[in-house]
Each structure stands twice: as C-alpha cells, then as structure tokens.
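Heads up, there are several structures right after this.
Next, two complexes with chain A in common: one pairs it with chain B, the other with chain C.
Then we have the complex of A and B:
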C-alpha cells in the first residue's frame, strides 16, 4: 500500500515537472507553469476574494444540497414504503431524473432572477433526483424476511420504517447522496457562469474572458480542491454512518 | 403488452398534474414566467416543424455520440490496463483519485481558451466528464474477474493477450455496460450544459437564446426536448444492458444514476 501511494505521488510530481519545464521553454501565455499558478493561487485566494467568490459559492452549494438531501431522503422513503405511491410516482421520477439538470437554469433565471434564491433552488433541483430515486429504491427493495421478522417481533408500522426499512435503505441512500453532491457542484458552477455577479463559476469564466490566464487556472484549482475535500468529507461521514453495515456484511460471510 | 394497472396510475397522475398546472397558469395563479403546458406542447411541435429546434437537437446528439464513443474507448482501454497491470495501477491510482471528484464543468473556461466555442471544445469537455464513471465501472468489472478463471486460462496455456480477450473482457462486460449507461446520461447532460454556457449551436444554446429573448414557451419546449432525449438515451442503454449482459446484477434492477 505504501509503495502504491509513493508511486502514485511520483507520477503526479513527474507530470507537474514536465508541465513546468515545457511551459517555461515554450512560454505560451495560455499554459503558465504550475509554479506561477501556485503563486497566483496564494495571492488570489488568501485575500478578500475568497470571501467574495468562494464563500458565497460554498454557502449556496451547501444550502441547496441540504434541501435536496432532506427532501430527497424523506420523500423517497415515503414513496418507497408505500406500494400505491411507488407505482404511481416511480415512472415519473425515472423521467425527471433523466432530464439534463442544467437545462432548467434558464427557467430558474426567468422565474427567480439571478440572485441566491435561483442558485439555491437550481442546486436543490439538480441534486434531488438521484437522492430521491435511490431512497425510493432502497426503501422499496427491503428484503421480505426482514419485514416478516419485524412483524413477528410485533413492531408497528412506524417502528418498522424507522428501525428496519431506513437502515436497510441507507447504503443505497448514500450512493444517491454522493451522486447528488457531484450534481450540486455542476449546478453551482454553471448557475454562476450563466447568471451571476460573483462566485467561483463566475470568477473563472470572467478570468478567461479577460485573459487573466493564471487567475483562471487558480480558480479551477480552488474548485478542484473544494470538490476533492467535500468528496473526502462525504466518504468520512459515509464510513462512520455505514460502519455497522460493513461490519454486519462481513460478519455474515 | 403491459397490464393496465401498471401504466394507468402513473399516467393518470401525470394527466391530473398537467391539468392542474394548466388551470393554475391560465387562471393567472402562477408567475407569468410559467406558461400553461398546452402552450409548451404547441411550441414544441411548432419549433420542431420549423426545423431549427430539430437541427439543434441533431447537433447535440451528434456531438454526444462522437464524444461518448471516444470516452468509452479511452476509458475501457485505460481500465483494462489499470485493472490487469499492477504497475500501471500503482502509478495512476492516486492521480485518478485526485481528478475524479473535480467538478468537470470547472474546466469549461480552459477548454474555451484552447479550442474556442465550436464542436471540438464541446467534444473534449464531454469526453473528459464521461471518462471517469466509465473508467471506474470498467475497473470494478475487471477486478470482479474470478482469479480461478484466470488461473484456469493460464493452465490451459492461454497467453496473456488471449486471457485478456477471452477471460477478462467478457467478465468485465457487466461493469463496462453499467459504465456506458451512466456515462451516456452524463455525456448528454454535459453536452447540453456546455452549449448553455458557451455554445454557438445545439439544444442548450437554443434554450439559452429563448431565455434571453424571453420566448417562454419555446424555452420550456427546449427543456422538455432535452428531457425526452435524456430519458430515451437512458432507456436504450438500460434495455441493451438487460439484453446483452443479462447475468449482471445491475441489469436485474437498474438503479444507479449518473
């Protein structure tokens, strides 16, 4: 494992070194060397610009994602446990999930303007479908014998949902939440690019339009770091919450 | 033929929903930015008949198809190499872990800088975005190959290349098929997205143009058409998966989204 990580890091260092050497030799303004991007990154983001562009993006992302997560899981479980609701709504959910989510951003701009409300709303809209669909499937596909066992132990409907169905659905719910997070990122970047006056999506697109090339790269690097960090945080929470599941699955083998 | 009780409830629900929306929009209960569904349906038919919307949808689909094929080929080859050659895996796993969670659309300005606004920029962006789920699923597939099957192949004297084609590839097909379905949906979403931000043609460009000139019904018609394409693509790939990789668990109940 250690050899593996070491070799992986070596690959990245070698690639960066090649980039640095080629960029310095060719001196193409479109391809600044990584060292210059790093310097710009520090100058640009360890400054008030972080509060002006990065903080609003993160705030909108988390607000929209939280709405999608809460509504998606709650409504999804409710649909999944009810046979009539499942039969009525599942086909419609499959259609809505297939809609390219960014296509609704222009409609969001017309109805809600280009402020925070629009961005939070379109992020929630973009992220909710995989969360909803996976929660529905997770709750719907609980193994028959678990439900029978719950009944034999005299659990009521509410208790069965809370103690049997929700835990059984969790692995799939988390799979949906992870996809939702990736979509929330797409939605924040695009909604800021198309209709915004601040935020990271706006910052990198306007840097490109004004040919502030190192600033554009620095913005992309910050988005990459945020994407990576939130994904890592998500994995951490997932491992914590699903630890019992992994343990139980392995013990059963 | 599916039974009536399977399709009647969802159909009835959608009809009621659309009727309610129609009544609310006509009664003036909604903002003027939400036209009645009937107006959107008429606009969809008119715009398709005029040919511009159809041409833009065709552009989007053509870009999607080219990029999707490139992404599938690149990711399958990369997945096979990483999945079967230890050194390649060790060297690139960290890079993949670092790049995969990066929001692909953040690369749009970079792609515009190098390639401008035309189709090549869009193809490159779509390939980049669709590559990751394809790669990850191919790797799942390759790693699910039964070691006993590989040992057996070796005992029968199959060369490395033969074992790759006859044992590893068929066993990985389930993962590859899942990756293809997820990537196909994602590729369409990214195609529309890139057109929306920076296109000079295509469905996303159409929607953005309609928004900027406040042509409401045509804008919603474009959104609906992109939804129909997304749904169609997903349905086709799910059906292919069900038919050709019928042994895989995913084709029994297809759940995972883009």
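Then we have the complex of A and C:
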C-alpha cells in the first residue's frame, strides 16, 4: 500500500520534471515551467486574492451542492418508494439526466442574472441528477426479503422507509453524491467564467485575457488541489458512514 | 374433531387458494392446521409455491380465496404472533446493524422497558449460542451463524408460530444438522409452534410431528402423515430408526408420484395415512 502510494507520487514528480526541462528548453511564454507556476501560486494564493476568489467559489459550490444533496436524496427516496411516482417521473428523470447541465447556464442568466443566485442554482441543477437518479434506484431496488421482514415485524410505512429503505439505499446514494460533487465542481468553474466578477473560474479566465499566463496556471493548480481535497474529504465521510458496506462487500468476495 | 383439540389449534388454514397477479394459479386449494407447540412440515417439489404459501399464511400476501385463522381470529395483515424466517439470511438481515441491534430491531414495535428488551435480546442470543458474537456484524459471520441471528431475531419477538422457509437450504450439512436440532430445542424451550417448508424429505420427517406433502403447482395437499418417532429426536438414532426410513420412503413415493403426474389422483382429496 505504502509502496503503491509512493509510486503514484513518483509519477507526478517525474512528469513535472519533464515539463520543467522541456519548458525551459523551448521557452514558450504560453507554457511556463512548473517552478515559475509554483512561485506565482504562492504569491497569488497566499494573499487576499484567496479570500476574493477561492472563498466565494467554495461557498457557492457548497451551497449549490448542499441544495442538490438534500433535494436529490429526499425526492429520490420518495420517488423510489412510490410505484406511481416512479412510473410517472422516471422517464422525465432519464431525459433530464442526459441533458448536459452546462446547457442551462444561458437560461439561468436570463432568469436569475449573473449573480450568486444563478451560480448556486446552476451548480445545484448540475449536481442533482446523479444524486436523484441513484437515490431513486437505491430505494427502488431494496431486497424483497428486507421489506417483507419490516412488514412482518409490524413496521409502518414511515419506519420502513427510515430504518430499512434509506440504509439499504445508502451505498447507491453515496455513489450519486460522488458524481454530483464532480459535476458541481465543473459547474462552478463554468458559471464563473460565463458571468461574474470574482471566483476561481473568473480569475483563470481574466488572467488568460490579460496575458498573466503563470497566474492562469496557478488558478488551474489551485482548482486541482481543491478538487482533490474535497474528493478526499468525501471519501473520508463515505468510509465512515458506509463502513458496514465496505466490510460486507469485502466479506462477499 | 373434539372441542378440546379445536381449542388447541393455534393455526388453521382453510381452503386457501392463491392466484398470482399474472393469472397463474400457484396454490389450488390447501387446508392445514397446527396445534400449539407442534412441529409441522410442508414438504414438496421445487416450484410448488411453498414460499408463496408461507407468505400468504403470515399475511404478507392476501389469499385469492380461503382463510387463515390464528388463535380463532382471521389473519388479514401480518400478526405479531407469527414470524417468517427466510432462506436468504443475507437479504433478510440488516448489514448496517450489529448482531445485537439486528435481534433488537423488531422490539422497537413492542412497548417494553429498555431492560426488558435487553433481557429478550440476551435470552434469544443465548438460545442460539451467539452471545460471544453480539457486537459483530452479520457479514462477519459464517452462513450458519447468520441464520442463527435471523432465528434469534424471530425468537426475541416472542411469536407463537415460527414460519421457516427452507431456512437451512444454503448451509453445509453439518451446520444444517446443528440448526435442525436448534429449532427443536427452541420449540421445547419457548413453546413455539414451528411450521417448516422444505424440499428435504429427511429433514421434514426428522423434525416434525406431522408432515404435509405438497403436489407440484398448482399445489394441493396430497397427504398428511403423522410422525410418531420418539422425542427427543437425535440425528443418529432417529435417522436410523426403522420407522424413520419407512416414513421417508412413503413421503418420497408420494412426492415422486405427484410430481410426475397429478392427473391420476384427485387433487382435492388428500390421502390420510394413519400412523402405523
């Protein structure tokens, strides 16, 4: 495990070294060497610019994602446990999930302007479909024996949903939440590039337009680091909540 | 039937018929009964609608016609006096709960004090020999132990009748014998009436006081056989008893005859075979 992780780090270091050598040799101003990007990164982001661009992006991301998570799981479970709702709404969900979420940004700007409301809304819109669809599937596919057991022991509808269906659906719900997080990340960058006056997407695009090339790369690097950190945080939570599922899956192997 | 034995009947299934939503007839007509504390088996070929029969008896499925009577009251919804133990323990247990929490799970519906619930859980775990595994998770246990958890969960609920749906079909032969003897002990210890559905003829005869033989679907009862083997049963002694062999051969012939063809027998007239 430790050796494997070390190998992954070595790959990154080697690639950066090759980049450094090639960039220095060719001296193309559009592709600065990593050492220069690193210097710019420290100057740019260990400064008030972090509060000006990174913090608003994170705030919008978390707000939009939280809305998507709460609505997606709640509505998804409700659809999954109700046969009439499932039959009525599942085709609609299949259409909406297939829509590239970035396509709704122009409509979002028309309706909500280019402010925070639009950005939070399009992030929520982008992230909600995988969460919703996975929650529907998870709640819909609970083993017959489990539902029969709940009925046999006299559990009511609400108790069955809360104590049997929701835990049974959790592994799939988390799979949806993970995809939703990745989509939320895409949506924040694009929505800030399209409209706005701050945020990481805006900072990257305006750096490119003002030929601040190392600053543009520094912004991209910060996005990569934030994305990696959020995903790691997500995995941490998932491993805690789904410890039983991880164990059960390993035991079944 | 005398008044005394009528009162003794904890379960009566009268002219039960079950047609699936698709229109297929699963159960033609079945009438069975069980006395308090009795061990009754229903044995039949695969696909004879045995699971459907148990689910209908315990109120999880509604009968197309006929009725189920428990302690003199008709069953219309799952009554707390009956608990069904499924063949597939991996699906019926809750993998996110520890063994103790699984066993305690159904008690949330009983208005009992915390200490009373604890006592029921402890007793059930003791009865199935799982006290040392109380804090583990079902998937950390072997198949046989998982089925013990499912049985403990049922016992903690203190039902009058345990409905067992091929509960030992997915475990190895040694574990199977252990679990068979466990159900016999639980019957004695807690006075629970056992209604077992199985395709294993030897198991049915070994465990039961009476065996009902089921035809292939649409199912009818083709015979009711009393099993006057001495109690307590013992894997080695009972199974080598001459009467055991006679009875299991008899059941075997009945199932063979009725699985091959149901035309030559009147399906609605079960043979009654007197004991000896």
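The working rule: the second predicted complex is superposed on the first by the 247 of 253 C-alpha atoms of A that agree within 3 Å, B and C clash if a C-alpha of one lies under 4 Å from a C-alpha of the other, contacts with A are read in each partner's own complex, and residues count from 1 in each chain.
As a working rule, a contact is a pair of C-beta atoms (placed from the backbone, for glycine too) under 8 Å apart; a residue touches a chain by one contact, two chains touch by 3 or more.
A quick note: this is a predicted structure, and the numbers were derived from the prediction, not measured.
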Chain A contact check, chain B vs chain C, more residues touched by chain B
Worksheet item: In the superposed arrangement, which partner chain does A:38 touch: chain B (first), chain C (second), both, or neither?
Response: neither
Chain B versus chain C as contact partner of A:16, first or second or both or neither | neither
Worksheet item: If you stack the two complexes on chain A, which partner ends up touching A:58: first (chain B), second (chain C), both, or neither?
Response: neither
- Task: With the two complexes superposed on chain A, say which partner A:66 touches: chain B (first), chain C (second), both, or neither.
- Result: neither
What is the contact status of A:245 with respect to chain B (first) and chain C (second): first, second, both, or neither? second
Is A:114 contacted by the first partner chain B, the second partner chain C, both or neither? neither
Residue set of chain C touching chain A in the complex reads 55, 58, 60, 78, 80, 82-84, 86, 88, 91-92, 94-96, 105-106, 108-109, 137, 139-140, 157
The chain B residues in contact with chain A across the complex are 6-7, 9-10, 12-14, 31, 33-34, 87, 89-95, 97-99, 101-110, 112-114, 185, 188-189, 191-193, 196-197, 203-204, 207-208, 210-211, 214, 216, 219-220, 222-223, 226-227, 230-231, 233-234, 253, 255-258
Chain A residues touching chain B in their complex are 3-5, 7-12, 15, 30, 84, 87-92, 94-107, 109-111, 129-130, 133-134, 137, 141, 172, 175-176, 179, 182-183, 185-186, 189-190, 193-194, 200-201, 204-205, 207-208, 213, 216-217, 219-220, 223-224, 227-228, 230-232
As the complex stands, chain A meets chain C at residues 143-146, 148-149, 151-155, 159, 163-164, 167, 170, 244-245, 247-248, 251-252
